[in-house]
Amino acid sequence: MSSSRISSVPDSDTSDTVARVGIIGGTGYTGVELLRLLIPRDDIEVVFVSSRGSAGTRLDVHFPSLRGLTELEFEGPEAVAQAACDIVFFATPNGTAMRQAPALLAAGARVIDLSADFRLKDTDVWEHWYGEPHLCPEWVAEAVYGLPEINRESISDARLIACPGCYPTAVQLGFLPLLEAGLVKPDSLIADAKSGVSGAGRGAAVPMLMAEASDNFKAYATAGHRHLPEIEQGLAHMAGGPVDLTFTPHLLPLIRGIHATLYADIQPGVTEVDLQAVFEARYRDERFVDVLPPGSHPETRSVRGANTVRLAVHRPQGRDRIVVLAVEDNLVKGAAGQAVQNMNLLLGLDEAAGLNAPPLSP
Amino acid sequence: MSSSRISSVPDSDTSDTVARVGIIGGTGYTGVELLRLLIPRDDIEVVFVSSRGSAGTRLDVHFPSLRGLTELEFEGPEAVAQAACDIVFFATPNGTAMRQAPALLAAGARVIDLSADFRLKDTDVWEHWYGEPHLCPEWVAEAVYGLPEINRESISDARLIACPGCYPTAVQLGFLPLLEAGLVKPDSLIADAKSGVSGAGRGAAVPMLMAEASDNFKAYATAGHRHLPEIEQGLAHMAGGPVDLTFTPHLLPLIRGIHATLYADIQPGVTEVDLQAVFEARYRDERFVDVLPPGSHPETRSVRGANTVRLAVHRPQGRDRIVVLAVEDNLVKGAAGQAVQNMNLLLGLDEAAGLNAPPLSP
Amino acid sequence: MSSSRISSVPDSDTSDTVARVGIIGGTGYTGVELLRLLIPRDDIEVVFVSSRGSAGTRLDVHFPSLRGLTELEFEGPEAVAQAACDIVFFATPNGTAMRQAPALLAAGARVIDLSADFRLKDTDVWEHWYGEPHLCPEWVAEAVYGLPEINRESISDARLIACPGCYPTAVQLGFLPLLEAGLVKPDSLIADAKSGVSGAGRGAAVPMLMAEASDNFKAYATAGHRHLPEIEQGLAHMAGGPVDLTFTPHLLPLIRGIHATLYADIQPGVTEVDLQAVFEARYRDERFVDVLPPGSHPETRSVRGANTVRLAVHRPQGRDRIVVLAVEDNLVKGAAGQAVQNMNLLLGLDEAAGLNAPPLSP
Amino acid sequence: MSSSRISSVPDSDTSDTVARVGIIGGTGYTGVELLRLLIPRDDIEVVFVSSRGSAGTRLDVHFPSLRGLTELEFEGPEAVAQAACDIVFFATPNGTAMRQAPALLAAGARVIDLSADFRLKDTDVWEHWYGEPHLCPEWVAEAVYGLPEINRESISDARLIACPGCYPTAVQLGFLPLLEAGLVKPDSLIADAKSGVSGAGRGAAVPMLMAEASDNFKAYATAGHRHLPEIEQGLAHMAGGPVDLTFTPHLLPLIRGIHATLYADIQPGVTEVDLQAVFEARYRDERFVDVLPPGSHPETRSVRGANTVRLAVHRPQGRDRIVVLAVEDNLVKGAAGQAVQNMNLLLGLDEAAGLNAPPLSP
């Protein structure tokens, strides 16, 4: 295969319009998804990808899907200081960004953290769920929660973005129109959520072996999942007061995709509301939220590889409980795609730049 | 392969202890599963299997998995009259058993219907959901709902068994201890249920193609599924009054297995109850209901091929909403295995006869 | 979701640089894959998509993955005459293109046929395998076999392209360097090929149900597959004489992907040849054929959604039999992507236009 | 669930007819499969299951599928000495049995080794492929290769059984009738073999994660797989002289099942032979080898959970190359089921005891 498909270094006369981006932690599924979305772009140059374990290895040795598309090698994380990045993504395990991001921020880079380090505003809650002291609470206070459908204005001016988790994105966007409009009882919320196995990351673990996880289905973490406080924080913000959410995650025998089935009891006195109209109005100007026609059932495959959340709202039997169905690709709108959407906002680009490819279906 | 593994016709001196059974509609997944469970038994002889479309074809041509195990051919459904069966199973689409069962019952056979024809006691409700008049309401009145964990005594004496649907079995057994004990609000019930594709049967249909249904997940029939009135009928019986259930079925990308995630709000005043003890007490003597230890998450594969329902009860965060997790193999405890369990009761055999093989895992 | 992601009709002042393309038969997997590849392009306008059964339905009702990307409706096939297309794709069952293409060709359109109608130069052979008389042998003679790695020059000037089948693409590109260089015995060829289920198309059929085809593997058509004469025709052309190929297709339990494992006996006297160098030299300038390093094993997922064929050549144990491993996405390089590659050549565009997106992995 | 399904300790008056068996290494897939096959039996008592890492844990904690079926705990491997087993199975990684079996043999137990330690008669070859010196070549000489279809007589009298590997079973049984009858050229043999992921065992490894191995297909170990010398040893024995086999294993995206596609060139002068008759005659008395009718294609699911190998023989296009298709469940006939078949022979029981359950299909 000829190397002609590999983007050359941009000519000097255009380099001022090409943003330089770096990725800390490039060997996981979020990392390779960022590369998939960023490498083809003309307005972005990936100048740095780190991996503690794979430094010195070409990216395309680690990820054969990238052969012919990049000649980069993984570097050690310390080398980022020399890379002069405009934007640095953290696609690292929890606990890394809070250690390394402050220095990069101080040096003028803008940081998009895909881990959980800056998502919870209450650091006591963070420390309870993540099991260690938070090392930079001052940056927690400044960090902007990177859900553009809620925080678009703040994101554009941010220095540090806390990119939402995969479950929280689907659950929050599903409940948003109902809570903002005060249509449901805030203590009646249930999120029965199902995620594909890529959400568990690329670490070797027996329960994630194909012989264990395929042809199988189960719930997990019913007693409490780290995404629960993140979701409740967001929902409370929407509701303007405390909410009570029961959150049950499940493991789906597929690679990509989250399906959240959301339940809420309708508020007395608002039973005549046109739920479909409420959802359509709320998301009319959102390019990555698609409200399906009445009676629809979104499928995870309809967003495979795309940054779109598709929603449907139901009121079964005309009773007083609302059911919202939400699907997303956990690696795209649930992780790397949302991070790119945030990056576009930070850089003043078209919010959808590089995110317009149709889903891969079937 | 030698034919020595094929059971010979029983000797005359033992034939009075071998029950003769027939299967109407043997070409679907429920039919072949009945054959899998019945053919190896010494105390049962399958003497008749019908198929309108495959009459004259050997069973093992249709189902290569049965090669070496049976030499039977499919017959036309009319031939059952000559087969002198003690037990006749209907593994047919809805609407067939109500046409053919009365004559068999009149001739003295006992009938186990795996379709929906005799499950709903209110024939108006039946006619609403199944779209045609019911042809033998008198048999509906006599039919016994074949969930042994509730109706064991009645089953033993029945002439006609209405075998529960796959979803209703998992959902009812999951809610049973809570409703019988009056621990939850009967209008707060939610069943978020997920089924493998074999539940949709063996008919050719585009949405069930592997290229459509695998690597995918979606809800369906949110507006109303035929199993909803069946489940509500059963739950109301347990609760001693009306219940309100939101039932959302989903399609899992696996072949066998149902997972029901059940939600209910705890009744005020009973918040100190030991839920684990309630479940264990209710099912202590049940051989096919397994209550997992506290904190467990049952997996569908742990019951693959077996007649067992496994349950776990949770009270996340110590809040006022209970979560019950239930798994079953939809073709076994959700269909053919439960039918065999009923047959064992009808025949006065050990209830677990032929149902003791361990699940196939992995 | 706002409609701003839908491409507007190009302004009049640029319309002369935008090619108008039509798709006959747009409801199958090949059709939706063409749409996935063509809709995002600025230099192509899809002006017409036909479906006999779905005329009048919006494309995005049929394919929810296209929501927000197109407002087109399916039309009846007869309407193509008014559409003034520069290029017409046939994504139809065998037998349709030979009936409809001649009129379009006469009207000046260029036709890319993804079916088998024009692949076999010997119409007697065609009639033997496809079971009906060929209706336009004169167009068979003119048609160019659309494998750019062999026929690039002829393709550029063609009016009618016979796009290769999915198996033939992988098998021919795998054997090509060996046969062109005369390194193997032409009567020793074996292609043990495995295809994902999307290769069987979108028709409802019991063997393609997920409950039948998943968690399963089998060979099929061992006695003779329609792709055998197509492959042998191509291999004979490369070898400069007759070849003898044993071709065994198998059905993989995955959606997209073909893996061909190819065997050939090395010619006496050429045992010292550097096979790796032969393959690399042959494909050095090919942008869609990737020769992996020595010792590699290409994976189907490494080309998921991409137009690339990846190859590895082995000589196990240093013995006299060569093993070539080839993977492709059967819907892309095996169908729609190759068709687009041909279209680019016909239109004088960059051969890789619209085909540069990285594979979707994991 | 009541404990009544757990087999009680046999009464003393029958204990002399119940064989005591132990399993060394019970936490892998082969171990749990042995337990699935042995626990339900009345004539066998599993008295001992060891695990170095899980000693003290109940089996059903490790394998929830066994809940209600056994109350055993894993023990340390040293405890086997006290267990007074008639039969000891080694379901351990390679290299363990050769260390521990001799002492057990000396104490009078009979040993069935499911690992590779005693399969290769030439210990130099063994040491080349397994990378360490063999510690008990004298036992290699005595060990009987446990393929009953070839060695039934020797097995019955053996003290030490070397159970064949999963690939070798399918490949040898597929080639056996051809080689014994001298019908094919012994240097023309190719085995293109595909295995489900359970064949890789239960160790945590990134390439076996569901996110890596599902929706994917690839060859591996083309340069040389440890099963190659084992297969060639067996084929040479059948052929009465050296053979040359090209063996290409592939990883299937399913849990259980091996499909071997075998190729061989027919000997000149025997082209008129009735291959179907040759296969049927060879396996007429074999209870676990099923020769399908002419033109058939065996499916892996048709043997899921069963000890059967199904074969079909083809001669495509009437040319001079034979294609044999063979399927087995790699965990049953390819491992635990074959071990039980050997055990039955060692104990003088019906060879098929405990192995008659129909396959699980769908």
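All chains are identified by letter, namely A, B, C and D, in their written order; residue positions are counted from 1 within each chain.
Operating definition for what follows: contacts are C-beta pairs under 8 Å (C-beta built on N, C-alpha and C of every residue); 3 or more make two chains touch, one makes a residue touch a chain.
Remember, it's a predicted structure, so these values are computed and weren't measured experimentally.
Asks: If you tally the C-beta contacts, which comes out ahead, A-B or A-D?
Replies: A-B
Asks: Need the most distant chain from subunit D, centre defined as the mean of C-alpha atoms.
Replies: A
Asks: How big is the gap, in whole Å, between where the Cα atoms of subunit A centre and where those of subunit B centre?
Replies: 40
Asks: Go ahead and note the Å separation of the Cα centroids belonging to subunit A and subunit C.
Replies: The separation of the two C-alpha centroids amounts to 35 Å.
Asks: Can you check how far apart subunit A and subunit D are, centre to centre, with Cα atoms defining each centre and the answer in Å?
Replies: Centres of subunit A and subunit D (C-alpha means) sit 46 Å apart.
Asks: What residues in subunit D touch two or more of the other chains?
Replies: 29, 198, 211-212, 214-215, 253-255, 298-299, 301, 304, 362, in rising order.
Asks: Give every residue of subunit B touching subunit A within the complex, in rising order.
Replies: Subunit B residues touching subunit A: 190, 192, 194, 211-212, 214-220, 222-224, 228, 244, 246-248, 250, 252-255, 257, 259, 261, 263, 295, 297-301, 304, 312, 314, 316-317, 319, 321, 323, 325, 327, 362.
Asks: Provide the residue numbers of subunit C that touch subunit A in the complex, in ascending order.
Replies: 1-2, 4-5, 29, 32, 35-36, 39-40, 63-69, 198, 215, 255-256, 283-292, 298-299, 301-306, 308, 310, 352, 356-362
Asks: Where on subunit D is subunit A touching in the complex?
Replies: Listed in rising order, the residues are 29, 196-198, 200, 202-206, 208-215, 253-255.
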